[in-house]
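Note that the chains are named A, B, C, D, E and F in the order they appear, and that numbering of residues resets to 1 at the start of each chain.
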Amino acid sequence: MKPLLHAVESSGAASPAIPFYAPAGNECALFELAWRRRLPLLLKGPTGCGKTRFVAHMAARLGLPLHTVACHDDLSAADLTGRYLLKGGDTVWTDGPLTRAVREGGVCYLDEIVEARKDVAVVLHPLTDDRRILPLERTGEELSAPQNFMLVVSYNPGYQSLLKALKPSTRQRFVAIEFDFLPAEQEIAVVTAESGLPADQVRPLVKLAARLRALKGQDLEEGVSTRLVVYAAGLIAAGLTPAEAVRAAMIEPLTDEPDVRAALVEVARAVVG
Amino acid sequence: MKPLLHAVESSGAASPAIPFYAPAGNECALFELAWRRRLPLLLKGPTGCGKTRFVAHMAARLGLPLHTVACHDDLSAADLTGRYLLKGGDTVWTDGPLTRAVREGGVCYLDEIVEARKDVAVVLHPLTDDRRILPLERTGEELSAPQNFMLVVSYNPGYQSLLKALKPSTRQRFVAIEFDFLPAEQEIAVVTAESGLPADQVRPLVKLAARLRALKGQDLEEGVSTRLVVYAAGLIAAGLTPAEAVRAAMIEPLTDEPDVRAALVEVARAVVG
Amino acid sequence: MKPLLHAVESSGAASPAIPFYAPAGNECALFELAWRRRLPLLLKGPTGCGKTRFVAHMAARLGLPLHTVACHDDLSAADLTGRYLLKGGDTVWTDGPLTRAVREGGVCYLDEIVEARKDVAVVLHPLTDDRRILPLERTGEELSAPQNFMLVVSYNPGYQSLLKALKPSTRQRFVAIEFDFLPAEQEIAVVTAESGLPADQVRPLVKLAARLRALKGQDLEEGVSTRLVVYAAGLIAAGLTPAEAVRAAMIEPLTDEPDVRAALVEVARAVVG
Amino acid sequence: MKPLLHAVESSGAASPAIPFYAPAGNECALFELAWRRRLPLLLKGPTGCGKTRFVAHMAARLGLPLHTVACHDDLSAADLTGRYLLKGGDTVWTDGPLTRAVREGGVCYLDEIVEARKDVAVVLHPLTDDRRILPLERTGEELSAPQNFMLVVSYNPGYQSLLKALKPSTRQRFVAIEFDFLPAEQEIAVVTAESGLPADQVRPLVKLAARLRALKGQDLEEGVSTRLVVYAAGLIAAGLTPAEAVRAAMIEPLTDEPDVRAALVEVARAVVG
Amino acid sequence: MKPLLHAVESSGAASPAIPFYAPAGNECALFELAWRRRLPLLLKGPTGCGKTRFVAHMAARLGLPLHTVACHDDLSAADLTGRYLLKGGDTVWTDGPLTRAVREGGVCYLDEIVEARKDVAVVLHPLTDDRRILPLERTGEELSAPQNFMLVVSYNPGYQSLLKALKPSTRQRFVAIEFDFLPAEQEIAVVTAESGLPADQVRPLVKLAARLRALKGQDLEEGVSTRLVVYAAGLIAAGLTPAEAVRAAMIEPLTDEPDVRAALVEVARAVVG
Amino acid sequence: MKPLLHAVESSGAASPAIPFYAPAGNECALFELAWRRRLPLLLKGPTGCGKTRFVAHMAARLGLPLHTVACHDDLSAADLTGRYLLKGGDTVWTDGPLTRAVREGGVCYLDEIVEARKDVAVVLHPLTDDRRILPLERTGEELSAPQNFMLVVSYNPGYQSLLKALKPSTRQRFVAIEFDFLPAEQEIAVVTAESGLPADQVRPLVKLAARLRALKGQDLEEGVSTRLVVYAAGLIAAGLTPAEAVRAAMIEPLTDEPDVRAALVEVARAVVG
């Protein structure tokens, strides 16, 4: 997928209020078109490749408030829609974050949606077809999403299992974008900007990251994220030796296996020195 | 099953208040006869083939209010019938959506009934035999369904498992209709109407959808829904290239497997270009 | 088992208040004797063979109020006996349906008892031995069942599994009756009476039902119930063709397997035309 | 084990207030000695062999109130000891049946103890060693059992499994008695007394019961209880034929398997005619 | 391990307030040293070998109050530390037994710790390192254990399983003592003292106990406890024959298997007569 | 990893308020740099190697308050963030320990994080990226962590399993340090300081500890912790023989297997005498 020119350009424009995001393809254009057509969006990709930053960037560019919910194993529909709480002896309804987002408009971003309990997916169904409604069965209300409401969900396909997977009846309600790690030059730029370490010192770290990502599925469950490269660069900028920084920020967080760790240390020595 | 003529014709008549529905067989006649005989109805079929739209269409045609409940893993009988809530220190009974539907009359539609907890099926039993009653054991009430009450349930047979299946003692209380995707010409008409893309540009998308549906059970868990074809058409109408639109709306939502995705991209290139 | 003459005759007498029931053996006499000896009764048989109707018939004949509880996976002893609910800040005891039946007398019918949670069986033990008491441990009460209280339970032996079965210590507290589908001529009479379709048009439907019931255990989990034959007859009476009616009411409710469905359609074509 | 003379004699003496019990061995003497030594008692034996009646008999003979708790899968320690309930806005402690028995004295009989949740066994530990105390952790109380308190528990060894078994640390706190069905002449006497059917008509029923009990472990999960023989005798006394009464009371309650049932019918025909 | 002289002597001194305990090794000295060094203590050993009595003995000797908690499957950290209860409309904190022990000082004895839920172990961690604190997260308090607080836990290694085991991070916080049954002469003395039966009649019972303990792991899950020997002796002292007493108190409580029971009866006949 | 000189030196400086900690590598420098860069820290290592002490030492050195939470199987996000409690009829929000730490600043240390329920990890995500926020969904608040807030988590890699493991999306948010047991001379110094036993008597205990740690993975689940060596030394200082002290503090806490224990006793005899 090639980026649409206008999208890349505008995303490159640094506005003080807009979080920095370096697009790798047509994702900014797709987000904007989905927003215009009132289509819900599904972001797929590995840990730390920038999905959360992308949503923050696009929400700011489009001038939309952003409601983020990090999903987890115990997150239920009621956590999203709301509950009755006791106040002064009465039960009073209290909106959940999804209900607040539908009432106020803006982007509602459900991060790692496959982690949530399965009743969550069903709450999303009437919001993601042409009805665009959120029924609150406990209160008897039926909220219509405003024009500027957009639902975005994400997950890491590498984590999906039989028990944790979006059903086709849910997936097929979303336009979907596949994310991957940034190309090397873009990643160097990002790490340099965020860590303050000069680009020539960042380059070997990014090279090492690429080497470690190639080991995914063999010795490593997941490749190293850009965030960890930023950590390593930051520790070097703060005075740690590259070897120590790489070990603490790019090797120890990846594995507990002594054999694998020793192999990674060798790879790091060859690349970073 | 051949459509009954009068049913097809009247369903084709576009009324402003009646959601558009293009019948594929005798389903409109069957719904109407079941409604006249006070028989409960079971709709079976794959994701996105139009069951929900069909129910909305028929309820509107028959002038009946529609009560829709999307079932999920945690939906229990009490969620349908009602609960005691605390108000001012007392517990006050609050009707659930099924109880509201029985009190007010109309079509009560339980979508994806096999997802719900098993006590739900039992609540439906006295409503689906000649008694047509809803006992509310917690309040001691026994509601008689009014003449214009009709119960409709649906599920996707492709999802059934040993754990998630309707028991014969429940199934055998319903008249049942099997749904499938629309024939090509009807689907082109629907997608054109909903996306605004000209029919000649829609035709290859529908052809691609048929190709992808044929892969179900091999590489794909579920064929592509008409909804996703509408999404793709809408993105093209909004300016995306057909290749980008098809990838975002008809391929990425179907699979996370790199091999399968690559194969689907090839299929799409051959059909859509 | 041959029917006792007087029982069959009186059950054949149509009283306006007594639901119609066509006995197949000595079940009416057995029910009455069990009632006279204060013995609890266990009804075994497949889905839709008339157990519920039989209990309604006998309760009406004996002039006893009928309390029916449809059991399900989450039905616990407290659902049967009662609970404390909050009223005006206090917890107030509220009888469950079994407790109400013991206080008021009459037949208490627990349908599909094996579905209920296992603590239910234990609640029944002191009610089903010579003590005939219902201890309410939460309130400290111990209710003695009145002379005209009778407990009837039922289940479908075809559904029993290791997890869902009555323990011998529970079963051996009941006199038991095995039910099966009606003989052909009796079933034709019942379907004709309930659907309004002439007997000669009902005859092939009943013949088809017998053919489908013979497939149980091979291709079908459960044979077709008399209720579904009544549905099919009713749809024909309302104007549907026999082929359409049979498909919607006697084939689609039985199976989702395309191969099995095709075979059943062939069987139906041979029998019904 | 031979019965102690004085015990058998006094148990044979029919007092109006003392439930009838025909001892089979030294169980009455053992109960009385255990009571005198303040030792807890464990009764083991099959369904319907008279354990519950035995406890009622002994409690009455010793002039002790009897507190019976039928244990089940969901019975927890709190169900036995007590709970806080809301009254007028406060939580008020409410004794459970074990706590009431400890406060008031008498025999506390926990029937089918292995069914209860495992925390129940632990509640019994300090009551069954030389401390003879019941600590109520929620209230901070520690009740000392009075002199006339005795704990009796029972279970059916045939039901024990890995998941459902008394741990040695619990079992080894009890004096234990093994029960079995009554010898034939004693059983005939009991059935005659309870059903009103003459002894010569009862004799073949008891003979049949012995034959059916011999099938336990082969075709039957559990032999027929004396209670069911009483049922059969009662139905014959009320006018049913022996064949019908045996089928309803001694065969249908034992099995749902058509093959096994047919075999039992043959056995019954040979013995009862 | 040889007993420290002074410890054995003082434990042999019978004080009216100190429960009798016959030490088998250096356990009294170890307890006292652990108490002086503020070290937590772990007691390991089979059912009925005297661990609970030992703790009661040592607490009394050291003049310390004793707080005993019998652990079970549902015992959670909140059961030990405390809960909020409703009083007059407010939630009021109520100390659990561990919190009471920490506030008041003395020995807190958690019997069968491996049975408890796993969050219990974690509550013990800050109490069992040099911090000696009990954080009450729900109230925000952090209690410092007083000088005279000592934590003692016990379990039966024979019951440990993969699911029920102390993690090394918990075990390695305790000084540990292994217990076994008493040597024969000591056991005879204990049984004689507790049952009132002359020592020469106790001797064969203790001999039998040794024979039965040797069968552990073959036919018996657990050897016979000293408690059961005391029961048997007591029943003989009360007038039962040795054979009857042994069967009721030393054989029936050990096994339900007819074969094993018959073998044990033979063993008993050879030893006791 | 070589220690940074200045870090080692300052950690060696004994301040009255700073808990003693003997660094083994660059961990003090890494902690300080992570704190300066606002990076969260992950400590990995076996039981009893000093992770908790290290955090207490660093918090004191940096003048930061320390909030410690011992994680366990039932610890949920709500336990960390807070709950609504009833006060005077109203539900009042009450901060959990993580929320208190974010409000007040300082080090928040989650010990054995992998034990906690999985929703805990998700609560940490927005705290551990560049947002550094703690959203309280139940109250609608979003707390920004102050400059002096630092999150530290720990776990024992030896305990991780498929069910209990940090997901990469969580791990890759932390700088990580691997811990191991102290080198011999450092461990001797620590044990001497903490037990009061002379170093020459401590030396064989530390030698034995090394021998026992080498057995990990063969006969022992986990090597002996420094804490247990301190226990053994303390018991010797209090008068127990080395053999008795080693058995009670360094062998019995490690194993329940008679064979393994016998082998460890042999090892101990060879090393300690």
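General remarks:
We take it that a residue touches a chain if its C-beta (ideal position, glycine included) is under 8 Å from a C-beta of that chain, and two chains touch if they have at least 3 such contacts.
Molecules present, by chain and UniProt name: A, B, C, D, E, F = AAA family ATPase.
This one's a predicted model, so the numbers in the text were calculated from it and none came from an experiment.
Shared contacts of chain C and chain F, meaning chains that touch the two of them, come down to nothing at all. In a homomeric contact, the two copies may use the same or different surfaces; for chain A and chain F, under half of the interface residue numbers are shared, pointing to different surfaces.
Farthest from chain C, judged by the mean position of CA atoms in each chain, is F.
Superposition on CA atoms relates chain C and chain D by a rotation of 60 degrees, given as a multiple of 5. Centroids built from CA atoms put chain B at 31 Å from chain A. Taking each chain's centre as the average of its CA atoms, chain B and chain F sit 54 Å apart. Each of the following residues of chain A touches two or more other chains: 86, 89.
Because contacts link each chain to exactly two others and close back on themselves, their graph is best described as a ring. Against chain A, the residues of chain B that register as touching in their complex are 47-48, 52, 68-75, 79, 85-89, 94, 96-97, 100, 111-112, 115, 156, 159, 194, 221-222, 224-225, 227-228, 231, 234-235, 238-240, 244, 247-249, 252-254, 256, 261. The part of chain A that touches chain B in the complex is made up of residues 1, 26, 29-30, 33-34, 36-37, 39, 42, 44, 76-77, 84, 86, 89-91, 117-119, 121-123, 125-126, 129-130, 135, 137-138, 140, 157, 160, 167-169, 171-178.
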